[in-house]
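In the two assemblies presented below, chain A is common to both, partnered first by chain B and then by chain C.
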Partner chain A sequence: MESYLHYVLAPQMLNGLALGISVILVALGLTIIFGLLDVINMSHGEFYAIGAFGALALSLSGMNYWVLIALVPLLMIPLGIITERYLIRRVYDGADRHVTTLLVTFGLGLILEDILKILFGPNTHRPANPLPGATDLFGIVIPTYRLFLIAIGAVVILAVTFVVYRTRLGAIVRAASFDRNMAASLGVRVGWVYSGAFAFGVTLAGLAGVLLAPVYSVFPTMGRDFILLAFTVVIVGGLGSIWGAVIAGIFLTQVQAISSLVISPVWADPIVFGVMVLVLMFRPQGLFGRMGHA
Partner chain B sequence: MLSIKDLHSHYGLSHVIQGISLEVAAGEILGVFGRNGVGKTTLLKNIAGWVKPSSGSIELNGQAIGGIEPDAINRAGLAIVPEDRRIFPGLTVQENLELGLLGLKGAKPASKLNPVLERFPRLAERAKQSATTLSGGEQQMLSLARIMVAEPRVVLIDEPSEGLAPMIVAEIFAIVREMRDAGCAVVLVEQNIHEALAVCDRFVLIERGAVVFAGAAEDDAARAALLEKLAV
Partner chain C sequence: MRDRLDISMRANHVFFAVLMGIGLICVALAVAMNDTFYLRLGTEALILGGLALSVDILLGFGGLLSLGQALYFGIGAYVSALVLREVPSFWLAMAAATGVTLLAGIIGGLIANRVRGVYFALITFGMAQVVAKVVYNTRELGASDGLIGVPVLEIPLGVITVSAGDPLAFFLLTLSVLTILYAAVAYLFTTPFGRVVIALKANEKRVPFLGYNTWGPRMVCYVVAALVAGITGALYPMLRGFVSPELMFFASSGNAVIMVVLGGVGTLIGALYGAVLLTFLKSVVGSYTEHHLIAIGVIFIFAILFMPKGIIGVAKPSLERRLIRFDEQTDAARIKATGERA
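Right, the complex of A and B next:
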């Protein structure tokens, strides 16, 4: 029993946690963008892929991976600002804005995916693992890079929640999220807040791409695969809820990891999506409240 | 201070504001009265930038503010206390008040909150509480205190007494008077006509999106005519 815990269950749960942290980074971006702009960003997965490809391209030019972790997210900021200013904002105030923003971001995702195919080809790439080998953590052996992934992801998630819930900037973001007009009438430059939030969400997706590039393969449609899980996390946690994304991300990836031990892994995804269906049936708004709301 | 000329505004095909013109001077309270649905709140939303006017002009101290973004209108010196208070429930009382600092030009020191917290001791006591834990009257106080932080030159107030106990209403109208005495131009939309007439300097009556009657609050004949028109 003890050996099962040490050599099977615990490593599987830690691997699930590494995936969960990565999914949360992507889901946080999605949920912040939805919570503030009321926009479901269908191109979010492609921004994640751009982060991974950005890391791949720059690492091929000889750049150190540790520099890339900081550099690639920074490069995502102007991309996010441009997307919000010149695409989202153009359709934001229209009568059917939920549909139009969904279609615009869906179209953008297709374009970005094709651009990645043109630039890098359809094949799969695998950047070198900057932290090869395994670490013995209280008798549990886990790949060192995944341990790093958990640590840096947790730091980023805590930093995001701290900024949103404990700083004046966060109060401005939550206020704009709850009531755009009232916040603007108090002097909040809502346009800047929206651009900043979209860019921040995209930056988190890019960071997740860089962090996961050495673990998962890098290919042009990688965003499409990963975003499904991120959307599930956001829906279960509650659209626009930061804590919801964090808790649902950990819960669902643990369900996926543990269920893979007892039944065929092909059933892991149906189980996760089944949880989402159950949540939608009994609590359509998700487990937690939207950012800025009581 | 605030000058509106031939303002028109639509919601889709509905012509809600049909050529309203009015002026409010510094240190003056203008009461805006009328039955439900005549366009009073829409008028305030047009002035605050929440709804874009179809035509006409809105000027604040000679600066055109019609149709510009609400944050730019706020920086020009105009603040709004809307009908349903619109406090931010996910924020504490202190955070709600600190948002008011954004309307200040230049440095925004937290010490600017002190005079407001002294004026509203109940809010000071509850500064760290979530704004949702406040009573209706306290929420209205917060809504007023939040805009007072930035010392606006023009204040739009929509139905401040709605649903509140008479004692709280008296306190709220006392605050409105203080704003006027501090040199503020106040546009007050209110259904509680008798209470409002006691604080207003002038009033206008709106019917179907247009000003149909105006007068001075001290003019007994004008007051009587207003009350008769409203059948109060």
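Right, the complex of A and C next:
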């Protein structure tokens, strides 16, 4: 029993936690963009893939991985601002904002995915692991990089939460999303807040891409597989809620990790989805409300 | 006072007749030139048009964006393929596909109908993706290879028997099925029940105050959409001889949404125009480069930004004005003839 705990259950749960942290990073971007701009970003998975490919390409040109963790997300900012200014803003004030912004970002996702295919080919890449080897953590052996992933992910999540809920900048952004006319009349430059919030979400997707590139393979459609889990997390947690995404992210990936010990991993997806359906039965708005709205 | 829905539907019927006319002329040309490729491509466009029609039922009339409508299309296709491999009977395959999609539509509706707006889009996306993954990993359903070896069918249609292997005959059969589906759905939305669905899209909070149930009509709308997708999906293995899990994946659902937006949301017939356009576009662009997604993505974004009502939406208002003028003239002529007063 002791050895089962040590060699099977605990590593599985820690691996699940690493996945959970990664999913939360992707889901955070989604939920911030929805919470602040009221936009479902269907191209989020492609932004995540761009982050991973950016890290891959730059590391092939000899750049240090630790520099990339900071550099690639910064490079995502202009991409986010351009997308918000020239695509989303054009349809933002239309009749059915949710549907049209979703469709526009869906179209953008198609284009980005094909551009990645043209640039890097359809094949799978495997970037070098910057932290090879494994660490013995109280007798539980776990790959060092995953441990690092959990730690840095937790730091990023806390930092994001702090900025959104505890700083003046975060207050301005929340005010602009709650009532943009009021915020504008108080001197907030709402246009920049929207661009900035979208770029921030895209940056988080890019960061997740960089961090996950050494763990999961890098290929042009990598965002598509990941985004379903991220959407599930966001729905269960409540669209627009940061804490909801964190709790749901950890919960669902643990369900997935532990259930795949007992049954075939193939069925882990349906089980996670089943949990989502159950949550929606009792709380259609997800576990937590929206930021700035509750 | 003219009934706007009535005028709108009649305009759709005119566009349908135009599409039929163009289609039949192209078919005549194809037969004259001994072509089979474009006939089969046209058949595929029509089948995918059925899936797009199903998306438009939900989006254009129910106001619900489904990102997983290919689920029902795929279920119809798989059931049809499974039946055909055992018993090569057209009617049995169609009946089984209809029955199973009806059941799947009710189950899916019970889940998806609990939520609205973006949640609806995301949950339909999730449902389709999960079922597709299960099919992809189930060996009994052919796993990632899909089901191959669907026999070429002999389809008894009362007095005549047509072969699914004959491109012309199968094209005409598909066209007939689509016509029946289009007519049935168009009729459904002109009934009082259909008007409740449209009213729900306009203002969901007000409808219950007028004494109508909101859950029921929306549910029926969802199930009808599932059935349309499933029935056209059942035709797919008869055309191609196989089914694969890709049919259910997001790419298929997304394509259907693109078709509807290109053709014109809320027009029913726009879905078919969009399907024909996109299928032929893919075939043409695809013959030059494998990167046709860029072209489609760019066209799609341009359509949303600059032509949000689609192809049909551009031409429809003037046609509607013409129909109203025609009505007024016939009314005036009748009043003149009978001497009655308006």
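To be clear about the criterion, the second predicted complex is superposed on the first by the 294 of 294 C-alpha atoms of A that agree within 3 Å, B and C clash if a C-alpha of one lies under 4 Å from a C-alpha of the other, contacts with A are read in each partner's own complex, and residues count from 1 in each chain.
Keep in mind that, in the parts below, a contact is a pair of C-beta atoms (placed from the backbone, for glycine too) under 8 Å apart; a residue touches a chain by one contact, two chains touch by 3 or more.
Everything numeric in this text was worked out from a predicted model, so none of it was measured.
With chain A as the common reference, chain B sits beside chain C without any clash. In the superposed model, A:L103 makes contact with chain C only, not with chain B. Once the two structures are superposed, chain B and chain C can be ranked by residues of chain A touched, with C on top. In the superposition on chain A, contact of A:G187 is made with chain B only, not with chain C. Once chain A of one complex is fitted onto chain A of the other, the partner contacts of A:T124 are absent, as it touches neither chain B nor chain C. By the touch criterion defined above, A:A171 reaches chain B but does not reach chain C.
In the superposed pair of complexes, A:D179 makes contact with chain B only, with no contact to chain C. Closest C-alpha contact of chain B with chain C, superposed model: 15 Å.
Common to the chain B and chain C contact sets on chain A is no residue at all. Put simply, chain A touches chain B in their complex at residues 168, 171-172, 174-175, 178-179, 181-191, 291-294.
By the touch rule above, chain C contacts chain A in their complex via residues 59, 63, 65, 111, 114-115, 117-119, 121-123, 125-127, 129-130, 133-134, 137, 250, 254, 257-258, 261, 291, 293-294, 296-298, 300-301, 304-305, 308. Looking at the complex, you find that chain A touches chain C at residues 34, 40, 87, 90-91, 94, 96, 98-100, 102-104, 106-111, 113-115, 117-118, 224, 228, 231-232, 234-235, 239, 266-267, 269-270, 273, 276-277, 280-281, 284. Chain B contributes residues 48-50, 69-71, 73-75, 79-80, 82, 86, 88-91, 95, 98-100, 102-104, 130, 132, 146-147, 150 to its touches with chain A in the complex.
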